[in-house]
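Next up, some structures in structure tokens.
What follows is a pair of complexes built around chain A, which joins chain B in one and chain C in the other.
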Partner chain A sequence: MNRYFFYNFACVSFMNLMLFVPYVLIQHRYDGTVMSLVIAPVVGTVLLYMYTSAMSRFPGMGMPDIFRERYPRWFSSMIIGGFAIMWWLSSVFVIVAYAILINRFFNPDANTFVILFMLLLACGYAATRSSLTVMFVLEILLLLNAPFILFILVKMLTDTQFNWDAVHVAANYVVNMPNLSALAAATYIFTGYISMSLYNRLMPPNFQYKYRYIYPVFGFAVLLATFFIPIGLHGTEAVGQYVYIWSVTADSLIMQYGFIERLLFLFLIVFLNLTLVFTMTAWHQAMEFVKSCLPGGKPEVDNHRIPVSNYVIIAVFIVFTLAYMFLVNEKENVRYASYWLILRLFVEILLVVWIFVLSRRRMDRT
Partner chain B sequence: MRLLIRLLCLAVVIGTLGGCGFKDIDKRFFVVGTGIDWSGNKDKPYRITLQLAIPSPKVESGASKTQYEIIDAPSIAEGIRMLKSYVDKELDFGHCKMFLIGHTLADKDIRPVIDWMSRRRDIQSVANLAVGEPDAETVLKVRATSELYPGNALYLTFGSDGTESSYTYVETLSGLNRRLAEKGLDPALAFIRNDNRTSYIVNQIALMDKQKIKMMLSPTETQLFNQLSKHFTKASMHGMFKGTPIVIAINSLQSSFRIKQEQDETIIVMRIRMKVVFEEAPSGVYNASWEAFENELSRDYEKVSMALLEKIRRAGIDPFGFGLRYRAMHNGQGSWEQWQELYPQARFQVHAHVKVEGTGLIK
Partner chain C sequence: MLLKHISLMFAQSYDLELHTLRNSSMTIEVAYIHPLCDEHKISDFIFVPFTKEEQPYSDQLQRIPEYKLVTDVSKWQDQLLRGHVLIEADGDVYAFDAKRIISNESPKTQVESAIQGPQIALSEDLKNSINLIRSFYPTPDLSIEEHHIGNMSQTPVSLLFDQRHVDMRVLNQVKEKLIGMKTDMVHAAGELGKLLVDKKKNLFPTILITERPDRIARSIAQGKIVILLKGSMFALIMPVTFFEFMHAVEDNYEAFWMTRFIIFIRYAALVLTITLPALYISVVSYNPELFRVQLAFSIAASRAAVPYPSFVEVFIMLFMIETLIEASIRLPRYIGSTATTVGGLILGQAAQQAGLVSSIMIIVTSVVAISNFVIPISSLSFSMRFLKYPLILLSIFFGISGVAVGVFLYIVYLAHLRSFGKPYFRVNGQLNPIEGDIGQVRKI
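Moving on to the complex of A and B:
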């Protein structure tokens, strides 16, 4: 079952390869990103170890179940509701940005709302399924897309245009003090473990998290790739001009004998899949969190009949996402996303420490 | 109930299909070459030439049909929009791989052109750029008799599918953008002339600063530049040995450079290793000592490359990326300013190692 944990981790890492994380990191390339890249794996790894060891003391329980067991109903509902909003927001930024991206690159004449609505319908439908189904969908789609992501990354690294001098220049700024916004963005790569807040329900009793040393290594490699590959291909200065840095980076390479010459289209399709998968799991988690605040029986992980409440909650999510799209433009979306990244860092630390303390108390009691 | 929901979803999907902005392929004009010139008119400074492909059922040499649209406009984007009212189909830049900038415009300022190109989403970042002489319009209007598809003669010249010439310098849009912005790495563009009405000559390079052309390289210098900058290494080279001319073909060439600082002097050391075979040589060369040839050729090579490096440096530009290397090696904010002071006084050292691999098929 350890591989399901890895999928969750990899999904968040790969997802952030392209959108806001590199944008924020590159924005701060001269004032603190490189030092943040060094610190982020440490922070990420500590949080990951704390959270996984805490969660393994609560077999078959998710974060909402833990809170509900301990605290009065009104209090736990409030906390869990807050987390549900965080989870929901995490994917809203991504999917709205992706809808705008499709509008920019595929079809500038189409209405962004229509595109977004289509994406939301697909994700929303997938998110209403049972937790187990969502996990399987995640596995299948990630396995299908991972080879393409690796292909794109290797192709970029081995390209003749790749300039190691530029990478070296950027890495020289390691002496600068880390910057909060860059640190928040860099730690986001390591955030995949937080999905265990819900999916721990699926884990069998006596489950052990194994091979945890892989995650820092994997995360750090993704982090280096997301920051240095665009710099190697665009240089230290030009890299700051682009709004969709990874899309432009993919476009500056050519697949001479591929079916489609422009690597951009392969890239966009692969990341469309990832965006949909990411939104699906994030919404599924947010939905389950909301459900655990409602009165009801024990949560099921593999229900055959989908409860109506699932549809209702997801419908509310869709409506609010469309409303968000209506209210913000492209630039504001990026700005809010970078604020959200900072907020997330603190909320995440709070959640991890909280659960960790609760798990120690539980051990003392038994 | 379930059926109703499914039908509803289907209805929504079908209902939104009409909103797609897709235009059929026969309603599009594919632009295969774009030229941007300086018109000389202050009010409408840009002359835009579009080469539009006309689909033709015949695929044979010289059967490609194109249509040209030319307009003078105050800005490039306005010009393109205006041109849309001249043609009956939607203009599509998605297949345009060649962008030519007229010589006069390249002597003034190419930045507005590059800015416009980078902003358009349908222009590929891998599109090739070059400078057209005397202007882009003339070069685009060359009807190459060997052309199979509209616009593909120029494209084949630059892509690695067709001819691989040691004189062609290929620069893509994203590569040029990088060089225009990077501190310590200056742009260069290939220079296209038309000799008569049916073909092109691409054997020169225009070296630029961050804005316009600073100097032109002759064909021999162009070849050398391509080798030194690792752009194209399969080439040939002339030499003299004891009064007899010899020509060698370079099979492989590796060049690298580093920057040394000795006392208060900055030295740029360039190392070139190459493996060569003879193409033209005096008879009996097989039995003679190859070492003498190797030394002679190495010294020749060092001399000409040194002259080229000095010449480029005197123009105050740095297309090899020496400055970038210096910034990579020296930490801190001030390294770029330091380099700007050091570069004009820097000394070059070139070490060439020619290794003869054989004499061809005969002795």
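Moving on to the complex of A and C:
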């Protein structure tokens, strides 16, 4: 069932575009991004290997189950609640950014709140389903969108206007020391393995993580594309002027023979799907984390009757997301997202090392 | 004794035959309902041997297994109503099955036709259907169980499965449902199917209804359970996945690449029939810049004469096409073609010339209708007809992004469905049986 692990990884790594990762990287293109691009795969791979080998010692258990087994209830609830907030926040940045994007490119007259509310209801409905359903949806939508993603990438790379010289120029800044925010942004692409915190519950007992060498390669390719394609199409200077850099990059291309002429629309639809899927999985994980703090029976992975607690938790998420949208303007959203990326790096290292140590201890005990 | 009881049990009706027969050695009382029984059988097995007296009749009653001793008085009514003859001799009551069943004799497939494939369909008589299935699936592992459903109708139902391949959990679930079913009457396969499904308000069929014995045999071999219903030409297959509804039996009979291509076309048609009206609204009313300029202009030009927003146009045309489909299903075959000609050709053309709808909309409507007919199983094609309306609503308010979100919701809903505990809509990838499937976690 390694493919489900790959889907989680791929979904998160594609989602970097919505989390302003390219924006952060490009802002620092002269002072450290390229070096970060080199270091990030190393950091990401080490964490991935640590986490997957740790999780494979806990078959059928998620991160909350592991904490609850070891620590007193109040302590584990606190920790898990903190992680739930981190997970929830990641999707908030994404979905708010996408609501703004719809408002900007599709329906300029519409109210962003209404659009966001619709997106939230859809994601909320999807997130309340069982873990197994969430995995099925993730797989189906990624497979459906994969050909379009490939098409967009090929279209961009083979474009006659693509300026490889600009890419060379940008790449030459590799000697500069990496800086933290660029590194945090770049490692985000490798962070998909962290979804196993919940979905390890779904893995059958004999499951083994295989083909782990694919993930660094795949992540590195996504990372290079994220950073260099906009530079190749806009040039080293102009690229720094956009926030939604990838939408603008997609809009600089046309499909000469298709009856949809602008690549932008294809790009937006594909990323709408990915955004919905990402928010669904992130919220589902956050919801299950919160649920594991509440008193209750064993977590079920395929309950056909949806418990009421799911709806309540997701409703709270929706309300808070709308409040976030109300309180935070677009500019602040970008800034908070980049802070969140840095915070995420440390929280992630903490979580991985923690679980890793616990897994070693478990091995000693048995 | 018997006759007195029965005349008290039944409302007065002339088709109830009550006779007392006498021969040299004994007296018997015979009761049956005339139209339900085969007269020849009754006279050959009861009246003639009784009067000829070549063998003592009481011996025959005890030796021939077709005479069944009935000890429970409360079963008399049931037996009579199911075409049995009740015979009382020497204080014992025997039932003799003489029922006459009216059904189509080996009917041809009509709903799910295949050009080159078996042309014979299931029969309305259970025995004939089981005969067909047994001959399509001649293995000793085929197990057949009988149940009766409906407090009043007591419809006989047969449960067929291959005991080697069947999933016991699914089987137990189905049996529980069948035994615990509370209903008065069941007459059609679809009705039974609805009762078998947990959720009462469902959007997609989770039980496949078919009339083809080849499909049934194939499903049984895959470990599925088939339910046959007396008086219905259709069988129920469970558990099923969404993809089986999109699969025609002919896909197994024709060349590989062609069938792959046709399956692809079916899915493309499915997407078109669901999304096209909604996309029309969102392109015309929200994002005309989506299409290249020439196409956008020609759409706008064809709408020049239309005085109201695009969704009104869509509702007019979809209303027309839905009524047309409905009419051509219900009408007798000879008038049906008239309806389609009048509706499709004359009304469509006239509506466009009168400026009620645009000519693009007429194309959209016909694509929607034709694509819908491509779906091989009619129960799915019915539910797909409904699916476009929620998307139209979303597109009225949100444009293209609304349609994309709607499609996402449909996929989530489909993936959420389970058919008797089995996933209904998922990608069936390679499965390492040692490793196990996702979600098959051990029970602690």
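We adopt the following convention: the second predicted complex is superposed on the first by the 363 of 366 C-alpha atoms of A that agree within 3 Å, B and C clash if a C-alpha of one lies under 4 Å from a C-alpha of the other, contacts with A are read in each partner's own complex, and residues count from 1 in each chain.
Just so it is clear, a contact is a pair of C-beta atoms (placed from the backbone, for glycine too) under 8 Å apart; a residue touches a chain by one contact, two chains touch by 3 or more.
Keep in mind the model is a prediction, meaning the values are calculated, not measured.
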Q. First (chain B), second (chain C), both or neither: which does A:D165 touch?
A. first
Q: Check whether A:K331 is in contact with chain B, with chain C, with both or with neither, and answer first, second, both or neither.
A: neither
Q: Please name the chain, chain B or chain C, that touches the greater number of residues in chain A.
A: C
(Q) Just to be sure I read the superposition right, which of the two partners does A:N107 touch: chain B = first, chain C = second, or both, or neither? (A) both
Q. Looking at the overlay, does A:M118 come into contact with chain B only (first), chain C only (second), both, or neither?
A. both
Q) Touching A:L272 in the superposition: chain B (first), chain C (second), both, neither? A) second
Q.
By the touch definition at the top of the document, which applies to A:L253: first (chain B), second (chain C), both, or neither?
A. first
Q) Regarding the shared-chain residue A:E237, is it in contact with chain B (first), chain C (second), both, or neither? A) first
Q.
On chain A, which stretch or stretches are contacted by chain B in one complex as well as by chain C in the other?
A. 107, 110, 118, 261-262
Q: Write out the stretch or stretches of chain A touching chain B in their complex.
A: 104-105, 107-111, 114, 117-118, 121, 161, 163, 165-166, 168-169, 172, 175, 233-238, 241, 248, 251-254, 256, 261-262, 264
Q.
Using the touch definition from the top, list the residues of chain A that touch chain C in their complex.
A. 1, 3-4, 59-60, 102, 106-107, 110, 115, 118-119, 122, 125-126, 129-133, 135-137, 139-141, 143, 201-208, 258-262, 265, 268-269, 272-273, 276-277, 280, 298, 301-302, 304
Q.
Can you tell me which positions in chain B touch chain A when the two form their complex?
A. 9, 12-13, 16, 19-22, 118, 121, 124-126, 160-161, 172-175, 177-183, 185, 321, 324-325, 327-329, 331-332
Q: Sort out for me which residues of chain C touch chain A in the complex.
A: 198, 286-287, 289-293, 295, 397-402, 404-405, 408-409, 411-412, 415-416, 418, 423, 425-427, 429, 434-442, 444
